[in-house]
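Across the two complexes that follow, subunit A remains constant while its partner is subunit B and subsequently subunit C.
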Partner chain A sequence: MTRPDDMRAQAPVVLELRDVDKHFGPVHANRSVSLSLRRGSVHAILGENGAGKSTLMNILFGVLTPDSGEIRIHGEPRTFAAPKDAIAAGIGMVFQHFGLVPELSALDNISLGAEQTSWGVVDRDVARAKVEDLCRELQVEIPLERRVSALTVSQQQRVEILKALYRGAQILILDEPTALLAPQEREGLFDAVKRLQRTGVSVLFITHKLDEVELLADDVTVIRHGAVVAEHRVGTVTQAELVADMVGSSTVALSRTERVPLGVAMAVRDLSAVHPTSSSLRGVSLELRSGEITGVVGIDGHGHQLLCEVLAGVRPPAGGELSLFGARQRRWGRARAMASDVAFVPEDRLSAGVAKHLSIAENLVANRLGDPRFTRFRFMRRQAVRRHARELIEQFDVRCRDELQPVGSLSGGNVQKVVLARELSTSPRVVVVCEPTRGLDVAAIASVHSRLAAAADAGAAVVLQSSDLDEVLAVVNRIVVFREGEVVADVPNGDDVDAKVLGALMLGARLAEAA
Partner chain B sequence: MSTVLDWRFAARLAAGVVGAGLLVLALLALTSDNVPASVDGLLTGAVSSDGRMAQWLSYSSYLMFVGASVCLVFRVGMFSIGAEGQVFVAALAAGGVALALGPSGFALPLAVLAAVAGGAAWALLPGLMKAYLNADEIVTTLMLNFVATFAFAFVIKEALLPDGAGFPVSDYFDQGTWLPSWGTIPSSLVFAILSCVGVSLLLNRSRLGFRLRMVGDSRPFARANGYPVRRLICVAFVVSGAVAGLTGAAIAFGGTHRLIVGMGAGIGFEGILVALLAVNRPGLVPLTALAYGYLRTGGEIIQITGNVPRDVVVVLQGVLIIGLAALLRRRDARSRTPAVAAPATEQPGTAQGDVMEVTR
Partner chain C sequence: MYLASVLELATPLVLAALGCLLTVRAGVDNIGIEGMMLGGAFAGAAVSTTVFGPWGGLAVAAAAGLALALVLAWSHLSLGADFVLAGIAVNLLAAGGTVTLLFAINKSKGQGADDLASDPLPTVNLSFLDDVPVLNALADQSPITWATILLAPVFVYLYFHSKPGIWIRAVGGNAPAVVEAGISPTRVKWLAMSLSGVFAGIAGAQLSLATTHTFVRDMTQGRGFIALAAVYLGLRHPVGTIIAATAFGACQALSTLLQVRTTIPTDPLAAFPYVVTVIALGVAGLRSLRRRSLAAA
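Take a look at the complex of A and B:
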């Protein structure tokens, strides 16, 4: 008897890459990459940000052409000059950032460009029947008549997948498909992928998350600096080995340290606030203590992100009290918060965290324009600004050409280092940090965590908002759980708390039931 | 930037210039009575006599004021096309003050102040609408241009028209307000260059400019750093309106010496062109303004000497400018290619987005 796993190992190769090479100017993005995808398997491409994964997938989908090397589909060499050639060869791609038309219905988006027409009129019935068949097969439900702009992120992603399948894709490329999904939505995606797999569709799955490889993939190819460094069957390799392949060493994960909190730094009482796309905060009372890392968690949009915005002063509270070291704050805004040493690392790193077309040096002084070190008679002291940048680059180990390089041309991890350097080098008393490691690689994550730990050890009250529960569990001293804009649990982080307990609390269980 | 790339850029630039030149020749051959004279007029017309040189330089100076003004708002991420209207309002305010004061030592300075205030006030309107109502500044500024243009004409015809005037003009201003020139060099040129330098210093060196550029790059970022974003948007509009207002004063006191309906029409839009050619850098505006003004003056000359229709001249200018702008843009886009990672390849959308943003 053969297990399905073994059958997959014997299955024919549907897609093969041989010695694919790609340069961008001086950057060698792909070095002689070879890869083979078997029919009906899920093949993970694992690598840090900037390892060359996306370049490779863009080559496969005809967005880029390789400098040399070969793509074979069912053993036949093919060249893709444009995505339409790849689609014709049965390849479908779901980009990280979707390419849907928000004003059109889900159905129209799926059939767009491949519409069935009769007498020049779009025949939606044919398309609908076909899409409904696909939905049944995948056991997913999509309100096909609804406009895409009214769908959730995970529904939009399904629309993208259906769009690829509608065009007859037998090979599906998913580019970091879980980046924008909540944990529950991720489960749904994985189920759908597994069902797809059973119908004979092969999936290339790009990720930098180790647990996803284990959950979903049959094979994994690890890419580092543009080259394949390892290939494994899933199940024959440990996470530690994969990490070692990815970063070249096997040291990661920072475990939390016990901290004795000092006094209360910031407190809110009966706080309320409103936000267009989140639950409103209602009656939130909370104390944040110096020298402690507090994790705030919840399902996306349940108010924990909003709380961070209010604490940082970028969104006004609607009611309640906010006090800082015992002093009640009446006009709370970002400028006031900054003057009170409240640092803020926003969730949306590339738009709110940095000004990406401006230089590292300018970004690093954006929050200290009042400092006479950097301005004189209302003019910038450019030499001082640059010197300051060089110091922080050194201190925070930002990898860059020089301090005049635009921040947007740095890798994600280095962008975040710039943000942390700016926010933490003012020796803040309160630090509000949102999703600090989203999209970062293992080494960068470790660096962010140690910075946060150092800030807490130096006596700051640190608030960490993250959708990665493992991160929260690994780093914080205390966890506050939000549901529908209210605090439903406020517990010390200990051995009795794990992702399952937190998940249950986020979904509305009581503390006693959850534990 | 590697030398290989620069060499390729030079080759492409040369090919572009030659290509555009051939197209220009072809167009002239089809329309001109005298092709060699037309080519000559286009290329050297602006320096063929003292009068034409003065015309070139003063026209360029107007372009510089507007160009600097446009650079300023564009760098703050506001696509305001309201310079045209601001120039008219400023000219009207300045002219009104000058006519009211008559011969007086204070007439010119007060009139210039009135121009600055008029331009700033006219720009404040769309600024407020943008900052507090999030009204699209393209629409509001465009509409306000019409209001200003027709209000200008209305006031002249209804209130300032001297008896027996054959066409809609005001009286001449007192001679004491006329801007001097030195030989062929108008004094407005000096003020224009100073304005460009001033705007450049403001944007690149001052703390206010720093904040403005941060707002231009990302409003969420500016907000996260505690900047008063709405107020800064208004400030950007007001300062740019004030600089555009100087154009109105320069035309009125350096060029026409009275108010004429239609004076300076189109300068606001040509100023946008000059700013775009300078890649929104006020420090480069004097150069692009002189180059554009040269072409423009040459074009006006061949309308007369070669009997080339005005439409063809405009087409010629368009061809040359599009060619140059495309080349500059391409180089600009390339010089942004990253050194460390290759984000342009990681996110296929970004590179296009940048180009869109700039050319929008």
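Take a look at the complex of A and C:
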């Protein structure tokens, strides 16, 4: 494959980020990020969810302002107080969830805010002519008079792109543009992007999908934990190397301890399940043993997250068997799981893990309202609830004003500690945790890890789902790799396993090739 | 006779409903429209008997509606009050305020406490239509009714083809998209609410300067809420809204007609338009519920 690479490598830099830094409270979302985008090139920003890609793009589009650092457009430093400043500087953004008005026609959406009027009446012919020109250039067809709500997802995306171009965007930011597209639609999008590129438009392309980088991008910048960890020219780097960049190389000291697993706590046989945005689980058989931490990993959406939801009882299995300590469970749901001492720490802790507006004390008893220690005649025993909360706050080192503070006002790490305190203080027999340290600072991460270790040492079967392979390698005893909804590897975590091997397995290599 | 009465009674509902439509589409369910109508009705009546005359009354009615709308917009958009609570406050302010002012005016004139005579607007007299069937309904209507009939198509056109029309619909549809396009949703909402106040004030003037020749306390009798109902029953479309508001006007006219012509007890008849409103909204609600469950399946 030949690319008109060399020409583009010489092209002038249209957009440059220098040492852009952004904190949200204790979370360092972007660490001194520098980046340069050349005219007419497609530059991929690759990183796992939570790596800080979206923060970076929001800074570029004027939605967020950086704490420090500089944005340069054509070499000139610019500050964006609002999206309209970014638009004026020639930046167009295509959000993952499109910023279109469903009730208005495609044409009205494209020209919204930039309408031409005569005698107070919007002159749609002018806009239509201009948009039709753009459509011809991109070779896309959009029914411009149709309401956006009646368009397909990929048509809506085109409308969003046209909206940016209509305002004269020379730099287009595409935020996970293929997330909602079917494979065929993806081809169409890529063709359109390539044609745009030929007209001199530069594209920043945010993704966590490796194959898309290879298909579309000229350059790739890999971001992890908010910092740039690598930059490559596409074509000079293998997918395995990119995975290693993305999820971390195993340079951190391993803190895991050898554990001798006890009996089987939970087992699934030939399990299947479906999910709207993930590969379906097919024929998954797995045993989870007491006293062991099992890591489940995969590329985002390949079924490992779905498995956790099924184990925790928040999503029903579609088929297969699930048994707990040898007893087959026929009606598995969250209530049943809670009654069977299956603790769950969901990925989205703030919306699924806690009730934001309630106090820490109330959240800490939310899973044991039937307990006579905390309720009498269905009324809460306030003193007992508060005393219990004070104990757990102390034990789990939750940093807060007092036990009556609403959980929503805590920092991310402390919210997570509240969730862990609630879930782990009931001495669960099975613990399912998803992305427990995403967005947390170093101290909070260490505390979460020691809690999980303590739970396993106390005899619980712990399942850890994390997109941070460093974390998985550091904490777990055994790793199960998912690909396209199936288990492709189930290996003990040892010195022969590292991020590169896991990355290759996640991409579909066989165990023998990967090792 | 009946048709003339339909036009007369539908006028304030159509005006208020179109005003409401603008705020609803901008994302604010303006229940304060009731108070704005009442304020307009009172101000119109009070000013009509002064040197400014009924036309001055009409202008002040519009201004009074606008003033109340600005109070609501300020508390909701600038101070962040919930629009339902702020709307209720505006309604209470209008109800209490008009009674207080009514009392103050009547005391100085030594009249009864509950009403205030107005100097009505002259009707548009087209006596040559008197003998034409159907069209004779138009023979003796108020200028407000005529303006409503003539300007409704203009309203519908501008609603779809003017910048403010498009922007108002965009704000209610997806405010973040509007921000991205460099438009301030708050300013668009200010505009929509101001317009609704003017519309409601004029609607009130129709009640006190045309349909009747007095201002009576609480004379709007829930017409503002019926207008809001008409917006939803009209599927938030201007033509639908006009049709729904006119249909409610027809119910009111029927109720009046039956009270005059038959021996059916007047209380249930007076309740009839409101019962129709509730049933209509129930049907509309069921329909949208079904559509949503279909979409979810």
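Note that in this section the second predicted complex is superposed on the first by the 261 of 515 C-alpha atoms of A that agree within 3 Å, B and C clash if a C-alpha of one lies under 4 Å from a C-alpha of the other, contacts with A are read in each partner's own complex, and residues count from 1 in each chain.
Just so it is clear, contacts are C-beta pairs under 8 Å (C-beta built on N, C-alpha and C of every residue); 3 or more make two chains touch, one makes a residue touch a chain.
Because the structure is predicted, anything quoted here is derived from the model rather than measured.
Put simply, more of the residues of subunit A are touched by B, taking subunit B and subunit C as the two choices. Touch criterion met: A:R401 reaches subunit B, while subunit C stays clear of it. Of the two partner chains, neither subunit B nor subunit C is touched by A:R233. In the superposed model, A:G120 makes contact with subunit C only, not with subunit B. Contacts of A:K84 after superposition on the shared chain: subunit C is touched, whereas subunit B is not.
Contacts of A:A352 after superposition: subunit B is touched, whereas subunit C is not reached.
When the two structures are aligned on the shared chain, A:V314 is found in touch with subunit B, with no touch to subunit C. Taken together, the subunit C residues at the contact with subunit A in this complex read 158, 161-163, 166-167, 169-170, 172-174, 176-183. Interface of subunit A with subunit B (complex): residues 24-27, 29, 49-50, 54-55, 58, 63-64, 95, 97, 312-314, 333-338, 344, 346, 348, 351-358, 362, 366-367, 369, 375, 378-380, 382, 399-401, 405-406, 408-411, 414. By the touch criterion stated above, subunit B contacts subunit A in their complex at residues 2, 205-208, 210-211, 213-214, 217-218, 220-228, 336-349. Subunit A contributes residues 82-84, 87, 93, 99-104, 108-109, 112-115, 117, 120-122, 163 to its touches with subunit C in the complex.
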